[in-house]
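Below you'll find the structure, written out as structure tokens, and then a few comments.
Letters A, B, C and D name the chains as they come in the text, with residue numbers starting at 1 for each one.
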Amino acid sequence: MRQAGRHFLQIPGPSAVPERILKAISLQTIDHRGPDFAEIGHKALAGMKTIFKTEQNVFIYPSSGTGAWEAALVNTVSSGGKVLMYETGHFAFMWSNLAGKIGLLPELIEGDWRGGADPNQIEDRLRADSQHEIKAVCVVHNETSTGSVSPIEDVRRAMDAAKHPALLMVDSISGLASIDFRFDDWGVDVCVSGSQKGLMLPPGLSFNAVSDRALENSKTVTTPRSYWDWQDMVGPNQKGFFPYTPGTNLLYGLIEAIDMLHEEGLDNVFARHSRHGTATRAAVQAWGLEVLCARQGQESGVLTAVKVPEGHSADAFRATALKHYDISLGNGLSKVADKVFRIGHLGDFNDLMLMATLSGVEMGLDKSGVPHNAGGTQAALEHLKAA
Amino acid sequence: MRQAGRHFLQIPGPSAVPERILKAISLQTIDHRGPDFAEIGHKALAGMKTIFKTEQNVFIYPSSGTGAWEAALVNTVSSGGKVLMYETGHFAFMWSNLAGKIGLLPELIEGDWRGGADPNQIEDRLRADSQHEIKAVCVVHNETSTGSVSPIEDVRRAMDAAKHPALLMVDSISGLASIDFRFDDWGVDVCVSGSQKGLMLPPGLSFNAVSDRALENSKTVTTPRSYWDWQDMVGPNQKGFFPYTPGTNLLYGLIEAIDMLHEEGLDNVFARHSRHGTATRAAVQAWGLEVLCARQGQESGVLTAVKVPEGHSADAFRATALKHYDISLGNGLSKVADKVFRIGHLGDFNDLMLMATLSGVEMGLDKSGVPHNAGGTQAALEHLKAA
Amino acid sequence: MRQAGRHFLQIPGPSAVPERILKAISLQTIDHRGPDFAEIGHKALAGMKTIFKTEQNVFIYPSSGTGAWEAALVNTVSSGGKVLMYETGHFAFMWSNLAGKIGLLPELIEGDWRGGADPNQIEDRLRADSQHEIKAVCVVHNETSTGSVSPIEDVRRAMDAAKHPALLMVDSISGLASIDFRFDDWGVDVCVSGSQKGLMLPPGLSFNAVSDRALENSKTVTTPRSYWDWQDMVGPNQKGFFPYTPGTNLLYGLIEAIDMLHEEGLDNVFARHSRHGTATRAAVQAWGLEVLCARQGQESGVLTAVKVPEGHSADAFRATALKHYDISLGNGLSKVADKVFRIGHLGDFNDLMLMATLSGVEMGLDKSGVPHNAGGTQAALEHLKAA
Amino acid sequence: MRQAGRHFLQIPGPSAVPERILKAISLQTIDHRGPDFAEIGHKALAGMKTIFKTEQNVFIYPSSGTGAWEAALVNTVSSGGKVLMYETGHFAFMWSNLAGKIGLLPELIEGDWRGGADPNQIEDRLRADSQHEIKAVCVVHNETSTGSVSPIEDVRRAMDAAKHPALLMVDSISGLASIDFRFDDWGVDVCVSGSQKGLMLPPGLSFNAVSDRALENSKTVTTPRSYWDWQDMVGPNQKGFFPYTPGTNLLYGLIEAIDMLHEEGLDNVFARHSRHGTATRAAVQAWGLEVLCARQGQESGVLTAVKVPEGHSADAFRATALKHYDISLGNGLSKVADKVFRIGHLGDFNDLMLMATLSGVEMGLDKSGVPHNAGGTQAALEHLKAA
């Protein structure tokens, strides 16, 4: 039986793609070597600099975000080099895993998955590395598996305090264009991102923002690479072109997305995500449930991970909500599998869509017999009225 | 400044058009005289019979619903002929107005705009018409200006009881495909409808379902007509064609819409609209406001008209809701202008979209200072949980 | 078996709809009574004035062109009034037929279907009408059934020479936006047009351009009317609205179409159609076939009707071309049924598309055994090279 | 000034994307971890096996074809390993270049760019490699820079004759789904392809078809890899999922493309490309120009590279054709830069589109003053008539 109305895709990415972007990506493909393409290339590259808030370098890959993780590492650290990572959650773990697979030596500072990276721990570790064997510090900005935000600026300060030359590499795949990020101001060296979160596109494009220092450094890095090689990008990019066939139709969408973000204003975008995070937590509290992120001030505006009471299955609840209310919620990953569900409130989203989402969660909790207090929906509504 | 997320078009039509239909209408136009067109014509005509629940005749016009009102009259009543109408609200009044403009003599039974047509009054009037001067009885099924439903089957019984030969003509522009309608079972002679309500299309197509008796009768009707003439349609329609250029792209969408309705099941569609009507009224009651439709059992599943307290402006409230929460609500028309607002809950719509809608109404009431009790949203949610 | 590549829709309308317009019409429908709609209404109405080249009045109907024919007559001539028409071909005949159906007295000057209307015959007839019983002179600008163009400016001069007060009414359904038309300069009183020809839209919108004189005159016209009534349009149109639900999504497309025409420049649009008409006739001549339009200087830039040799079936040829080369050509209508085929070269069309079209015709002639000389395609190509 | 009508994108890929596919890729993105996704994953993977004609393995990457080149190598040859390549043209050269960049030792057999790979040379080289240091033989099936086809089956025979255990790796980025390719029958071990040629999609997906032997062998290959690692794909693919976020919207399009190819029939697709190649060469011959591919029987059905007479600029000609006739033609690459232009006749293409294309080439030659004989267009037409 057909379900009426719109599906609510409330996983923490891909986010629902707005009509304007879907129309843009369905324009006819053009010759990526022809004279009309340069404008597209220039707009996409220059536009992404305004999103990363950088005047340095941006590279765009036809790949998913995982590819941009790999790109960040192979261009910065020679085979066998050490990278320091912080286990904010599943994705931080996966990134360190990837580093190992491609021949680097990742060192993972253990975390409890309930907050962002701890700058003090990073500083301590760097001070202990008197030989400067650590080539890069890798931190996840918005940990998609937990809904926690790392204080990137503080990590930079910690590195500076330790007087350590490692590069600061940040994964903001799910944070960029939803919560504040400032590449240049914060002294980031490489930022990894993807198209299907705050940028509101389907998956298929990924990004590296790169500091001049990291780009210069990459010339001496010996890790074999071709597809991901920044140096091959520089020349063609300057003319608005790419060294190999780009994802033309997604680039159409990217330009539209950048326009949409600026039409709303990045600060308004950030305030909106923050408001929705707070309202969601008001609902969770009223339901008598617990938010996974336990560190105040580090809760994400992108998604909220919610713990279900012991003895109940988060996945069974999600299946019920999907079946009866046509809403997709995110699952708990690895350590928290079946113990949490994740509410995505990112991308092209507004107050009424949030209320629909929270209504779907509350009805799903009710229908699947997860113990909770009714009224979280109204609590969120009251929060939004006051905001 | 751009508003993020989806606009909520919650007027009682046009309803928001689903993606499947938007894609269908954007297919390339084909030759409406060519061999491939016949399948489209046949599918649209046969499909509409399943929606009207008739095995008699359906005609499709490239026009808005107003045109189909005119078509219904010019094919059934000769110039100067009498038609009996019942003032359920603004649209019943407008239809009688149109009858006068095209040279007929409409007689309008006054109503209070707070319920459907009264079969007893109709029966009395018909009994008094011993000369059978009244050629047609015209009733609005779902009065879009008030949110009331007329008991069509009872009107038919009243006409039969009065042993009056007048044709029964029904406007179900906003009722068809949202609330139960049975052309053959109920003994309707002409039903007028349009594309932009329960059929989920953009405006631009309109319909006449026509009984064999009315079609035969039309041969003797002398009112001049060309565009609307049923007789010109019959021959071409039998082969899947039309006497003049049809609205090809909207027909693509119509076929898709009919498929979607049957994929869900018409009974499920009706139950859904009914549930949403009830939930909306639960919210209105909890807000301490009054529903315009005052006759129990005649409240519409398509829309709910809500009275604002004396001294407050429904239109100011609507403007506030639109500005702050990006939701379009219907205005009060003529007699009830600025005194009511109308919540559309029709078309391709589901529980979460309703909750979004009611949240928007409640936040709008709050923001615009219309006196009300908070909590209507949660009241509707409780209703949906229980449903 | 699926046929690869694009279908060539080379009938004389509907013309193939460009991607930009298909995308525009698939945008979400909005509230046609809401504040955002006014801009759409204003743009559509003001834009159409630039296409008609008038500073007087334009009305837009959600209907096909046949409706606009009816609208032109019911607003200008009271029931029983005389209209003088000129039989340029099938569509002129159909218009006069319609006039009869709605209660007017059409008088049709016979024509041979091989050229435009003859101003001298019209002048003679008007001079003979000393009682001024003729209320309107109706002429088809571009006769879609024959590919001939009537000299509208000369018809106006003839009417003036005869000092006759009748209104000049022109059908430019297939001429507007493809060949030169100047409402104000040429002294036209009513021009009828439709969306699916030079305007490149799907069918479903139609137009009346109306002189101030005709609009004023309509107040005294007694023919019953409602849907088509100009007077109901005037007030709402001034605010960017319509008296009943408009064809919102086609209006989106119309605005896009008007932009596209001005981006190319109307004079360039006309020159392009003229060049393609000439090139097509060069092909026809090289094939040794005959163009239906026999009056030099009146051949249409919109379409070319071609006679097939006696004893051969134009329809069999068309079916062969469609089956083997996926090209739709127009059929001969009524008097010339099966004797001519029509090549549409209108709308969003360019030199290479014309060459594809003529290649399809030549291959179709060859495949279906219609006697002709090979080489028409190359002849057209040489013409285009020289142009 | 806007150019009317459709742009003709006649480069040898990306090919013009058909409407059906553009609509498919603009459907809303869904949860790639949710229950509905599995059907999409299964359809895409199983469907690609029917296109490669294999019952072994297919992997799909969100990347352009260059990524699939890299994937083929990093999964099959350990760092420092030797690969034998054959210089059929620019792309064969680029692939060998890539092999060097990622730490392999490519050996390139020189070619004259005027035909496919020579199996005899390959056999001789393999026989000389008695130590079996060569781990893979890499051949381009359809060389996009020259329009020549390599005899893959003969290469396999040559390898067998030499009793050499190297893997046979084939680039059929521009050949697949346009000209005959049989992965299993021909004994290929890895075939690399991309979405934007015969598969008619925008760029952004790439493919590896992989023999069981190559997949088993990959377990022992030590080249570091993560994004491209086949082994990570196997498990998730079996359930219809991917190890990281896939290019969901392009997968929608891929499924549509596979359906379209089978609706036409692969053999019909191949026959169509072959017919268009022959017709194009008939035109080139009539123009008195020379086709770059000089080996009879190895001319491509995908594209035709044409030499311009000495002293003339192919690029100036292409710019003229683009400006005046809105047709994009492919440029000459590296060794043949400015000396050849390439006519793409691949993808969703038909006889009339080919005639449009050749007309554009002939008009462009004329306009830009490249010496040639008129009449190539008609020569191609005569060929198509006879076909």
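Definition applied: a contact is a pair of C-beta atoms (placed from the backbone, for glycine too) under 8 Å apart; a residue touches a chain by one contact, two chains touch by 3 or more.
From a predicted model like this one, the values you see are computed outputs, not experimental measurements.
Note: the chain lying farthest from chain B is D, by mean C-alpha position. Legend: contact pairs of A-D compared by residue number with B-C, C-D or A-C; the interface matching in over half of them is B-C. Of all residue numbers used at the contact between chain A and chain B, over half are used by both chains, marking a mostly same-residue interface. Distance between chain B and chain D, defined via averaged C-alpha coordinates, is recorded as 55 Å. Rounded to whole angstrom, the centroid-to-centroid distance between chain A and chain B, based on C-alpha atoms, equals 46 Å. As a whole-number value, the distance joining the C-alpha centres of chain B and chain C reads 34 Å. Among all residues of chain B, those that touch two or more other chains are 23, 26-28.
For chain A in complex with chain B, the touching residues are 1-6, 8, 18, 260, 263-265, 268-269, 272, 325-327, 348-353, 355-357, 359-360, 362-363, 366-367, 374-375, 377-378, 381-382, 384-385. Within the complex, the chain A residues that touch chain C are 19, 23, 26-28. Contact residues on chain B toward chain C in their complex (touch as defined above): 7, 9, 11, 14, 16-17, 22-23, 25-35, 61-67, 70, 79, 98, 101-103, 194, 196, 202-204, 223-227, 229, 244-250, 322, 328, 331.
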